[in-house]
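Labels A, B, C, D and E are assigned to the chains in the order they are written; within every chain, residues are numbered from 1.
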Amino acid sequence: MNLIILLAIAFGGALITYFLGKISQKIRDIFAVFISLALAVIAACFYNVSSREIYYTGFLDFPFVLRVNTFSWFFAVTIAVIGLFSIIFSLNYIRKRGNTDFYYSMMLLVIASMIGIVLSGDLVSFYIFWEIMSWSTFLLISYNRGPAISAGMKYIIMSVTGSVVMLVGIVSLYLHYDTLVYTELSGLLNNASSGYILFIIILFFIAFGVKNAIWPLHVWLPPAHSEAPSPFSSVLSGILIKIGTYGIILLIFVIIQINVFLNLGEGILSVRYIISIIGVITILIPTFIALLQDDAKRLLAWSTIAQAGYIILGIAYGTSESVAGGMFHFFNHAIFKSLLFMVVGAVEYRTNGVRDLNSLGGLIKKMPVTFIGGLIGICGLIGVPLTNGFVSKWLIYKTLILNNSPFLAFAALLGTWGTILYSYKLIHNMFLGQLPEKYEKIKKAPFSMQLPIVILSLAIIFFGIIPGLPLHVINSIESGFGMEPLTINIWGIASDTGTINMLNIFTAVLVIGIMVWLIFKVSKKSTVIGQYDNYAAGTTVPKDKYNYSVNFYDPLCRMISPYLKDFIDDFYMSLARSIKNTGNGIRRIYTGDVGHYVIYIILFLALLIFIQINWELW
Amino acid sequence: MDRNKLGKWLQSPGKMGQKYSLHALYFCTGCGIIEIPPTITARWDAERFGVIPVATPRQANLFLITGYVSVKTLRPIIRSYEQMPEPKFTVGFGSCPINGGMYWDSYNTIKHLDKYIPIDGWIAGCMPRPEAVFVAVTHLWTLIDKGMADGYKKYREDYHYYRENQEKILGKLEWPPLFSSKKM
Amino acid sequence: MNHTGTSLKENLLSYFDDILVEISDEHRLTISCKKDSVITILSSLNRNGYNHLALISCVDWIKDNELELVYIISAYTEDSEKGKMNILVKTKIAREKPELLTVMSIYENAEPYERELHELYGINFKGHPRLIPLLLEREYEIPPFRKDFDTRKYVQDVFDKIPFVEDKKGRK
Amino acid sequence: MVMNTILEIIIIILLAAIIGLFFLGLSRKIMARIHWRYGPPIAQPVIDIIKLFNQTSMSHGKLFNFGIIFSLSGSVVVLLFLPLGEMCPLSSSGGLLVILYCMLIAPLGLALSGGEAANPITSIGISRKFLLAFGYELPLLLILLTVMTHFNTISIVDIVNMQLQTGWSFQHLPLLLSGIAYILILPAILDLRPFELIQAPQEISSGPMIEYGGKFLALATIQHAFNVFISLSLFTNLFLGGAENPGYFFLKMLIVFIILLFVNAVTPRFRIEQAIKFLWRWPALLAFAGLIIVSVTG
Amino acid sequence: MRELELYFGPQHLGMVGNFSITLNVEGDRIVKATANPGFLHRGFEKLMEQRTWIQNFPLVCRINVVEPDHMELIYAMAVEKLAGIEVPERAQFIRSIYLELARVGSHLFGLWAYANMLGFDTVANWAMYHRDLVLDLFEEITGGRVYHIYIWPGGVRRDFPKGFKDKIINTLHTIGSCVPDYDDTFFNNRIFYKRSKDIGKITHEEAKRMGAVGQVLRATGMKQDIRKIEPYAAYDQVDWEIPVRTGGDAYSRIWVVRDEMIESVRMILKLLDKMPEGEVYNKIPNPFKWNIPDNEAYVRCESSRGELGLYLVSNGENKPYRAHFRTPSYNHGLTILEKALENESIADVGNIMISLYITAPEIDR
């Protein structure tokens, strides 16, 4: 199988979908699912294949290189699978909206461009796919119109700023080394001065940081995630922002090489520490802000930023365990965050667009499968043992502690406890508590929504009990980067500094759970009662009014909210305003009168002559 | 007091448990509540008999109806009683729930509490002393032992009649019947 | 007879002409007035420093077919003479469809008293924000505190008629 | 080998249940004596549990049942990670970090179960529970990190073994600070005054327990007993040298518990925000100082 | 946005008395509180119209179960006023001593309730124990622990038994010697301060506007006490002080209660010293044929909660024509409570309610 064929299917499928939609909706739906399924299958076939294909385009002598190895395979498969599930999820979700052809083709285009990014072998093709992805994402974010357009604008402005900065970096690299192919670059950069490497890192880091929503470049993310259609939110949060992660890994491990990276700077001021600290800040602040959110998707959006912080922390810290943890967390986060967005989307679908956490409640009785999905999702998010999030976080913490960085570990752990607070709030306010009367007749989510939810929740448990499978892949990626591999087995990690064995824990939980359940079962049977037979100090339970969800963590929020104003966002907005004002000022120069322009030109020539006479610059 | 006899515990743990762990629902239905704090605090200390007040009906198995019951109080009493898990025991405290007592001609107190919920025992007097609570508790032990504290069974059997009486006083009750009565 | 009481009496009589003021007891001043002038009298008392409404009571004079409302006013003061004064402002209204203006604008704490009288005597206080039941659960045909409401007969009719569950079972 | 492990597991669970329930009974007795009362028999919690199992109960749904089972089994699993002398059946499965995470399961289970009960007071109780947990986790994380950094291991068995060689953790200055901080937050973990605001019967009528009756309450009581054992045993293992012999181990736990009871007797309960402020001030400050000293001295 | 309606009472462990407050809550702040009384309504005043003057004594003391003695006193005073009966000097002293003992007992009950509300079991147990000691004294003179029916028109039912004076002094010394313990563990406790400071705050102006009396008023800085303004019994015979605080919050109210309790103990000791010898009882007419002339009376006294008044009307028959009690809890519980609860935390509902010293039966009657 050829890589170019894969890309051709991806891009061609996107295009054909649009035109198929003009013929029949049904055929288009089936075709979209088929294309994404094909992508997932084909991508999976590249396992353990390592190839590199060079196509000459004849354009400015830049080679167009596609390559696949375990690293890009890992990302490509994740992208294709999550893309498949969100396409399936879209089937019902998007049906009643307008402009569905456009939606599907854009969705496939985003997936195709992401696959293109991870398969590209040089920075030019990387940049081209990157721009396709940015713009198609922009179109999808603003799909819902209304507030979505401003969210999309925010996204695209930041994204374009990022890619321009990246372009500067790419041009600079090309000027220095005359090549943009990864494999050639990596050897050359070894000998560069550390100042130049730092310059490159900063340039690229801004671009990838915008995409990965690293604090303080995160401001586009909350509105974009909450305003985008839910299936796309799960793509956005699950994989799209992880393209930024891909870029960072590419930068640190492929282009620059890990040993060069680790030796940049000394002690607490080394680049690795600074990026780790930025990662920790990215964990902490968004976690607390997520606590204050009342919109389910916005809460998840802030949570996405916080989880991205773990990934950055793991990758930037640079030990083989932490990098494994970071990459594993990327994988896990793709699963549980897209699951959670799908859960919210299913609720949103059934309640006609309600995602305000203060007005839902009690839906567990009506949508049990969705609830279980949500429950497993938040367990993964928190990192409860036996879910996949646990192992990745454990790896990061362990290496932080044993390498004497307890404060980083502390901040990361504290973020987890914040995660418990907001994720319980999410699940409680949507599914638990009293069911409002107006939702008495609600139906459970349709099959096309339940299927991805069920599969993804099973995946969370599966990879939680058998973390060895993805860790094995990650191990081979790491050895490809020239790092020391971990000692892993199928059930966990066995090293002399600390072992983890999920099988033991799983067996213990299972056996003890069954024992307790038996005790529960043997003792007197309990009668099942409804939600109105409830303690209300002796009075009857008032309908609709007996539910605690507004300001769930009021005492804490009162304490912390004064410190958590989103000042970064305010900063950007004031920056935007001042740029607009400057623009207005500049526009005043262009009066439209030819006479004025003549004066400008004469003044400019006079200035040039004046400079020439005085300093003789040219 | 046969609390320390292991043999009895092995023979009928349920009964013994109910005897020595009477959790009283804390509900100030009337002026009798004034003698409950002395009963549970330092002077008399009901906890040595395993009697402690609890906050919600779900955790309680003893309902001390302390004093007269006005029409407005009857509703929460019925609600709380029905929410208690079985086996549950009720004790009327003071003369007023027995036959109206001092308020026999008041238009707003119900006179005979046992018309509305079953009562397992009475403590007469106005006000009964805290010692009387202990006498009642020890007497209740005997009743439990002999299987005569069966108010909750009666309530289950004759729920239809009780509900009818309750609705005569309180009008239509908001909650659905606790047991589906077969004898309707 | 104390000085404060007599001076207050003179003061009131000079302002209002259709009222009857008598000093019944030491420190007890009784003012009888028409139902329309209650508000003005009370507000003038309030201005004079008698700012504590102790009680609003009602007596059912069934023989005269009248309800008598009694507002008992005293003063928050550390002046001992004034503090001793208790002023009873009385007014009579008809028993059928009794109506009166609320005095909540003058004394804020009149709210529960008026609610209670509305419930127990059936007096309608105009301008009261929430004349909802305060104490009672059941509806009574005659407001229960009126003299023609016979509680003993009511008890016989309602509570005594409810059968014991054992009796009922026996009969069936 | 396997038989040995199974035997160990059974012994640990039984021992923890007995000690935990004994502590619950003892606390009632000692509190009674401080109140100038005679107090219930020490076995009163057991009597209560026997009664509760013989009562009917009301359930609000499947999650209501599942939550309580989940919670209790979570507590029991934590027990298997804690070394009790030589016995530590799951010592090889992750160490202190796993204990930290497994301790999450119990409150999460209760929270899920309570959430299904559709009672706002339960939700308020859960909200308080999580907030208080957030309050004490901050110092607790610092304390555990101090210990782990000091001994440079994440395995609790190693920590206990090293203490056998170098003496109790309490003897080293940074760990002394953390130990004091741990004692300050222990009442919050054990739901004792001044932090007894999760159930707070006079405020929110026993909070998350509000809809529990019969076997639910019995399982919740047993879970609480395990929780008492776990928290005390963790403290003893980390700071008081663990268990060189079961008798000493029990004695150490008892002494700590009685100190806590005395504090319990002479303080009213905090409001939740005051509790968080307190926990984030003194214990966190002490623990922070400890962590700084440890990380500076290496 | 979903509203939340919570119920504090009637069946609630923090509720002292059968009373209910409906709370509209947002987060853990109370937006609006509505008092819902009436669970204890027995129609006392209606029942009194059907019983003779003397038969009413057992009835009136049941209006307020925490402190029945002031109810007896106010009814006796009203009857004395209507019928023109004099009370002997010694009886006045005995009444004062008896009422002050009742006040100590009632304040100890309040302390129990407040300590219990804050979860302070130890102090609660001690306070209840000490109240029992006071009740023992009552039991010795009257034969009843809670309801005594000791005060009678024309005096008191019987004189103090022999050696009773020493017993009173003994008991008071026992209680008084524990005051430092109470101070150390409770009143000077930092957490008590934190829990009650600035909670349920009422300014002086608001208190006046909404008819506050008793501790609630005195905690806002006003020295108002019926015992001083319009002395009854023997309160003008001895010197005593009115304890006042200026905070207007729960903290000040509880401290006023504490100071008042200590002042009462001092007052009892002074009264015991000054007590004259003599009759304790003036004869009244045959109770079965006792018609009181056509008249009306409004009398008031200072109960342990504040101003207690009785408006009593007679139409010349052997029964009262109309009786209406002005009870201190009425305005505290129905007007001030709703105001004081606004914008407070749900953790402080019981705290505020008990610090306002509300007893439900007084409201409902």
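The working rule: a contact is a pair of C-beta atoms (placed from the backbone, for glycine too) under 8 Å apart; a residue touches a chain by one contact, two chains touch by 3 or more.
Everything numeric here is computed off the predicted structure, so don't read it as measured data.
Separation of chain D from chain E in touch steps, taking the shortest path, is 1. Among the remaining chains, those touching chain A and also chain E are B, D.
Interface comparison, A-B versus C-E: the pair with the greater number of contacting C-beta pairs is C-E.
Chain centres here are means of the Cα atoms, and by that rule the chain farthest away from chain A is C.
Closest chain to the protein centre (all Cα atoms averaged), using per-chain Cα means: D. Here the spacing of chain A and chain C, counted between their Cα centres, is 71 Å. Between the CA-based centres of chain B and chain C the separation comes to 39 Å, rounded to the whole angstrom.
Here the CA centre of chain B is 36 Å from the CA centre of chain D.
Note: centroid distance chain B to chain E, computed from Cα atoms, is 30 Å. Residue positions 4, 10-13, 15, 28, 38, 41, 43, 46-47, 50, 125-126, 129, 345, 364 of chain E each touch two or more of the other chains. Those residues of chain B in touch with two or more other chains are numbered 27, 41-42, 54-58, 70, 72, 75-76, 80, 83, 105-108.
Annotation for chain C: residues 135-137, 144, 149, 151-152 touch two or more other chains. Chains touching one another form the pairs A-B, A-D, A-E, B-C, B-D, B-E, C-E, D-E.
Touching chain E in their complex are the following residues of chain C: 24-25, 27-28, 51-55, 57-60, 70, 72, 76, 78, 80, 83-84, 86, 88, 107-109, 111-113, 133-137, 144-145, 149, 151-152. Touching chain A in their complex are the following residues of chain D: 53-61, 63, 65, 68-70, 72-74, 76-77, 80, 89-90, 92-95, 97-98, 100-102, 104-105, 108, 111-112, 115-121, 123-124, 126-127, 130-131, 133-134, 137-138, 141-142, 145-146, 148-149, 152-155, 205, 210-211, 214-216, 218-219, 271-273, 276-277, 291, 294-295, 298.
Chain A makes touch with chain D in their complex at residues 362, 364-365, 371, 375, 379, 382-385, 390, 394, 397-398, 401-402, 404, 406-407, 409-410, 413-414, 417-418, 420-421, 424, 427-428, 431-435, 492, 497-502, 504-505, 508-509, 512-513, 515-517, 519-520, 523-524, 526-529, 531, 533-537, 546-549, 552-556, 558-559. Against chain C, in their complex, chain B makes its touches with residues 70-72, 75, 100, 104-108, 110-112, 114-115, 118, 154, 158, 161-162, 165, 168-171.
By the touch rule above, chain B contacts chain D in their complex via residues 3, 9, 13-14, 16-18, 20-21, 23, 41-42, 45, 47-48, 50, 54-56, 58-59, 61, 83-87.
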